[in-house]
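Below you'll find the structures, each written out as structure tokens.
The same chain A turns up in both complexes below, where it pairs with chain B and then with chain C.
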Partner chain A sequence: MFRYTAQRLTLLVITLFMIISVSFFVLHSMPGSFITDPKMPKDVKKAIEDKYHLNEPMIVQYGYFLKDFSKFDFGLSIAIQPKVPVNQILATKVPVSMQLNIFSLLLSLPIAIVFGIWAALKKNKLPDHIISIMIIAFIAIPSFVFASLLQYFIAFKLGWFPIVVSTEKVLTWNKFKSIILPILALSFGSIAGVARYTRAELCEALNSEYMLLAKAKGLTQVQATTRHAMRNSFIPLANIIIPMFTGILGGSLVIEKIFSIPGMGSVMLDGINAKDYPVAMGVLFWYSLLGLLTILIVDLSYGIIDPRIRIGGRK
Partner chain B sequence: MKNNTKKNIENKFEFIQLDEILKDEKFEGEAIGFFKDAMIRFRKNKASVTSFVIISFLVFMAIFGPMMNEYGFKEQNLKLTLMPARIPIIEKMGVFDGTKVMNISKDNIEGKYKGAVLQVIKEYKVKDREMATVKVDMYKYKEVKDKYFWFGTDSLGRDQWTRLWRGTRISLIISVIAMSVNIVIGVVYGAISGYYGGLVDLGMQRFIEVLNGIPFLVVIILFVLYYGPGIIPIALALCLTGWIGMSRMIRAQFYKYKGMEYVLASRTLGATDRTLIFRHILPNAFGIIITMSALAIPGAIFQESFLAYIGLGIQAPEPSIGVLLAEGQLVLLEYPHLTIFPALVISILMISFNLLGNGLRDAFDPTLRGQE
Partner chain C sequence: MKRYLALLLAIILIASVLAGCGGKEVAPETEIEVEEVDETKEEPAEKGPTVYRIAGSKTATLNPHIYETTAESDTMLFIFGNLLKLIYDEDIDSYKFIGDHAEGVPTKNEEGTVWTFKLKEGLKWEDGDPLNANDYEYSYKMLLDPKLKNMRGPQVFDADVVVVNAKKYWDGECAWEDVGIKALDDYTLEITIGFPVPEMDFYLGFTNGGASSPVQEKIYEAGMNEDRTETNYGTSMETTPSSGPYKFEEWIRDQNKIYVRNEYSPIAEIYTVDRIESRVVEDANTRVQLFENNDIDSVVLSGANYDKYSEDPRLVFSKTTGVWSMFVNMTSETKPFLRDVNFRKALFYGMDRKAIAEDIYKTAVPAPYVVSTAKIAAPSKGLAYRDTDIGKNILPENNGYDLELAKEYFDKAYESYGKKMELEIQYFDNSENMKRTAEFLEQEYENAFGSDRLDVVLRGVPWQNAYDNMENGNYDCGFGSWSGGEFNPWSSMEVYTQGFTSKIDQFGNDEFDKLFERTVRGDLIFKEGERLQALAEMEEMLLDAVPFVPMYEPQITSIFADRVHLITKGKYVPGIGFATLQSEYDPLD
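On to the complex of A and B.
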């Protein structure tokens, strides 16, 4: 287990390094400059670019980047919020995205599990059919379509919630009220995904032989279900909840745009579009790191959650 | 040699039952092959058949929809911007009749909007100014009562009907290109990796791991930014990591079948690797390939719209469903018709393809039914 973890961690570092290097070269080979003012004299422009080493050969720039990168320092932003350290910008943006995702997860998990269990217990009856139709619709319809519809009908027509997210820094009631709609839009997809999974797992567990045995020794249907079937069907569930989290992180990009939430997504897009290399590299790094860590945690958790699965290929 | 044996047999042996008629019953009915079997199961699944019909209809509209009225997809009419939807026949029922509810100053009922106001819904006051919520016939107001923009017009006065179906066409083209490239790469990669196994497999799987580790969004954004937003770059961007799922499925199939006796028999008879891969093992995966392609299309449509939303959509003036949605989002609160029609089309398209894919999976592999 330890050896396997160490192996995977080394692989993670190498992968991360490769991703960052590739993104660095791609970003820097994009045409255009971060200075958008066309009236700026050529020599001033060159002086500014020289200050950030932008006119030197790319391999030299890469050297500078690596030197700072080894200390996790991405430098100062050059276009979005000039002269503010990238890490400081990210420190204000990451919590916003995280907040949204954690709330969405807290909302969707209980609902999804309840729906999944209900559908499995009433398999091939009316509740199951209704939930299955809902699941198909929620999985198929993209979250941004939901976001648009919620924004128009619930926020604008009915006026129950604010149309865009309030800009308050701390989590007040007003702020919470304004992020309900984006949370809802984000949650539909994950509710459907988890509910479908729970239903399938539980259906299989209910038909298994240990359930027959449990009932044979005198347990009622409810007792047998809660004590045996549910426990077993929840084991694999952990493996889809963790990747769901990063999945939402990517999916919230558009939702953030629709509800004008100042989160990570907007910084990344602005950074890339404005050729603000330090900011873009910083965001890419954190996104990649999160993605890779998720995969690693999922793989390691197989062994912890279910000891029957041996890790590392030793038989 | 062969002839000799035959002659010997003919000479020395004698059939004893030649004149007797064999009493076996004749087979009635036709033989049912793999695809026919699947088709029978597919036809029984009402949801998938319905979704197949809906998809065919949408494809038909994507091809012929833009030709159904006189407006072109980039024909601008700056006088008639953001017109509401107006559909003949249905307009008599009070929906899509080219009217719009607006808040205007009360003087304008008799002034600017004279003659076009159909109904005053309510009157109110804002700081001594008398205001009214009224229903205005926009077509009368702009004096184009003879025109019908079925789904309204966008902010440049372009006909939304034409643009919507042209957008559907482009989204479908992008997703079909992405899907086919993904299938080809996935099948070849998975086949090689699964068939040869060992060191080749190890190397190829590590490569996939690295590729999979890169956040797909980042790669796609960089790719589209670099190559520009055309149909082909966007389609190819979706292929960068899209083939991985397919290749895994195919690899698993190869692992399952390559050790089977019939493969061994064929190899003993001298079949080459190529024959074994393409003639003997790959056909077993046809069901999976067809199912995966049906399920890959909604994924590609989703990602295309996603890119459009974050500003990496197809180049103007060409529309795609995602571009239309993103444009509609900007004026959503004022002109919802620009969002609702594309949202409807994309939702129907996604649901239908998902149902079709599920139906195909059940048809090709009945053991999976009811699961997942």
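On to the complex of A and C.
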């Protein structure tokens, strides 16, 4: 296990380095400049770009980048928040998105699992049909549509919640009330995904031979389901639940825009659009690292969740 | 064991939620205190502060030396002072310059090249530190610093007012002592410029919050890095000291700003508003909902939101300085018909501008001209160029839409070319209205000239690439616009001269360039009548050569809440807008 983890970590570092290197060259190959003033004289524009080494050969720029990158320093933003360190920008935005995502996760997981179990136990009966229709709707309709509808009807028309998120710095009741709608909008998709997966896995487990054996040994349907079917069906769920936990650091571009939430949602896109290379590279690095770690954790979790699965063990 | 593990995970999760929600813990106490104060108020007769609530966009920086966007300059109007201020004067129903940090407008020498400002005594920064002419000199020195390479540097050497040796200093080729900006003493600032300019142009270079506003030396220096190439000035509330009529009470990046009166501002009493609450809201529909919910006092309307209020008497319209046009590659080597002026004139007269302006853009006005209606040609009278007889005489009938004439021109071009023409129109791929305009033109031109003779194809391109293509001559037709200052339509003509480095059209005319030089830096600069005539001549040259087909002039449509009583009575005043901070407000419910 230790050896396997070490191998995977080494591969993770190599992969991350490759992602970052390719991203660097792709981003810097994009046409245009971070300077948007079209009337700026060419020599002035060049002088400003020179300050950031942007007119030097790509490989030289890459050298400068690697030098800072080795210290996890992505430098200062040059466009979206000029002169502010990239890591500081992320440090102020990540907690905002994280707060929403954690609440969304706390809401989504229990509801999704209950719905999934209920639908599986009542397979092809009315509750299953209703839940399945809801799942299809939640998956098919993008979350920003829900966000707009919730904002318009629940906040604007009925006035039950604020239209935009409160600016209070700490979590008061007002603040919480103002983030309920974006939490709901964020949760529908997750609920649908997990519920669908749970239902499918549990249905398969309920029809398996070991369930027949368990009942033949004298267990009731409820005992067999809770002790065997549910435990077995939850193993593949790690595939989608663990990424949900690690994904709490990301933000939703449109939902954050609709509810005026100053989170991570637009940072990546703004950084790329504005040719703010330090910000774009910083976000890319942290998200890539997060993604790779998630994959590693998912893989390692199999062995912890189900002891029958041995990872990296000798034959 | 797994149960404990699950329990532990749940505890960690809840703890992390609470940690994520944490921060400075003074806010709840403050809130309670405010509530208590409110409860003890038993006499409602006392009028509370006048509050103006708005929704705006994100601000990237409030460093006056590097800002770029309108949202930033709007904020700087509130918090940064300058030598002069442009305000609305109700008596003359127009704009007026007053001294802000300066006692009044500057004096000049006989040649008009050395201007002297006298500063008021007792000026202070927000923190009470003295503010004087040395702060101004320091600010200009930093603005032009050769290591900092600030983006707003060109404002002092590539604008209407060109300060002596400013560019050389920016390039690191001369000492600061050689630059024409000097604090002669604590209350006297002398500016030496390269060539004389009209008073209006000079005043505007030192008016309102922006690049020419002072920066506070101790904060600017404290935020400087070791090699003095960057400073964090203007990146947070703490590093953005006020020298203007308002100061920050709160600035949460990308979320909200609250401004209150700056008691040290010498012009604070001009404004009626005590407190400005500005919320960052980027979604247009959310802004409208906030307005309708009485959470904000004004909102900009467009598209379906405009349709909803199109008959509302509270609507007000702001002019813009740009005219959107369809540029034509008049020097195309691959498509010789584009070089034929008859073809370009066919495009000009075959364009139904009214339909584009009113049906697609809704709030725009058709514009068969180059100089926008916002451009003022006689600053002393506040007279717009388009309102002068000369400016009116150039205008073609029916907004330049004449299908018969268009067909005549096209026939000549077709005869000369001799085969079917294929024309590509590029539009910005992020603009639905621009796409609709391109589709409309495709249909209109093919119907008018015959699809057997003209094939129009469309191409969506990112806007930066579209401008790059035009600059490099890699296009047939493409949409674009130049904006500029409201008070100097002559300098705005620079973009069509052959020497302009970021030129997106292919027009080149020596006579045009000479007229431009004469009106901006030459003998016509102080001759109001001849200068006006020259502007009309330049515009005519462009309309004759048709390097671009002018289409429409955008207008910004806003609506104000009933509690706002605009001092301009809804009239848009150049350089001022609607003077919202000088207007009267009913108290909030």
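Assorted remarks:
Methods note: the second predicted complex is superposed on the first by the 272 of 315 C-alpha atoms of A that agree within 3 Å, B and C clash if a C-alpha of one lies under 4 Å from a C-alpha of the other, contacts with A are read in each partner's own complex, and residues count from 1 in each chain.
Just so we're on the same page, a contact is a pair of C-beta atoms (placed from the backbone, for glycine too) under 8 Å apart; a residue touches a chain by one contact, two chains touch by 3 or more.
Quantities reported herein were computed from a predicted structural model and do not represent experimental measurements.
Superposition of the two complexes onto chain A shows a clash between chain B and chain C. Residue contacts after overlaying the shared chain place A:Pro57 against neither chain B nor chain C. Using the contact criterion defined above for the overlaid structures, shared-chain residue A:Lys257 touches chain B and also reaches chain C.
Residue contacts after overlaying the shared chain place A:Leu284 against chain B, while chain C stays out of touching range. In the superposition on chain A, contact is made by A:Ser148 with both chain B and chain C. Applying the stated contact rule after C-alpha superposition, one finds that A:Gly218 touches neither chain B nor chain C. Of the two partner chains placed by superposition, only chain B is touched by A:Ile272; chain C is not. In the superposition on chain A, contact is made by A:Ile163 with both chain B and chain C. Touch criterion met: A:Ile19 reaches chain B, while chain C stays clear of it. Remark: of the candidate stretches 76-84, 94-102, 166-174 or 292-300 in chain B, the one overlapping chain C after superposition on chain A is 76-84.
Residue overlap on chain A between the chain B contacts of one complex and the chain C contacts of the other covers 148, 151-152, 156, 163, 257-258. Of all residues in chain A, those touching chain B in their complex are 11-12, 15-16, 18-19, 22-23, 26-27, 29-30, 136-137, 139-142, 144-145, 148-149, 151-152, 156, 163, 196-197, 200, 203-204, 250, 253-254, 257-258, 265, 268-269, 272-273, 284, 287-288, 291-292, 295. If you check the complex, the residues on chain A that touch chain C are 31-32, 35-44, 47-48, 50-51, 76, 79-84, 92-93, 95, 98-99, 102-103, 105-106, 148, 151-152, 155-156, 159, 163-164, 167-172, 175, 257-260, 262. Contacts from chain C toward chain A in the complex involve residues 13, 16-18, 20-25, 27-28, 31, 60-61, 63, 66, 68, 149, 151, 153-154, 158, 170-171, 229-233, 235, 252-256, 279-283, 285-286, 289-290, 292-293, 295, 464-465, 467-468, 482, 495, 501-502, 504.
Contacts from chain B toward chain A in the complex involve residues 209-210, 212-218, 221-222, 225-226, 298, 302, 305-306, 309-311, 325, 328-329, 332-333, 336, 339, 343, 346-347, 350-351, 353-355, 370-372.
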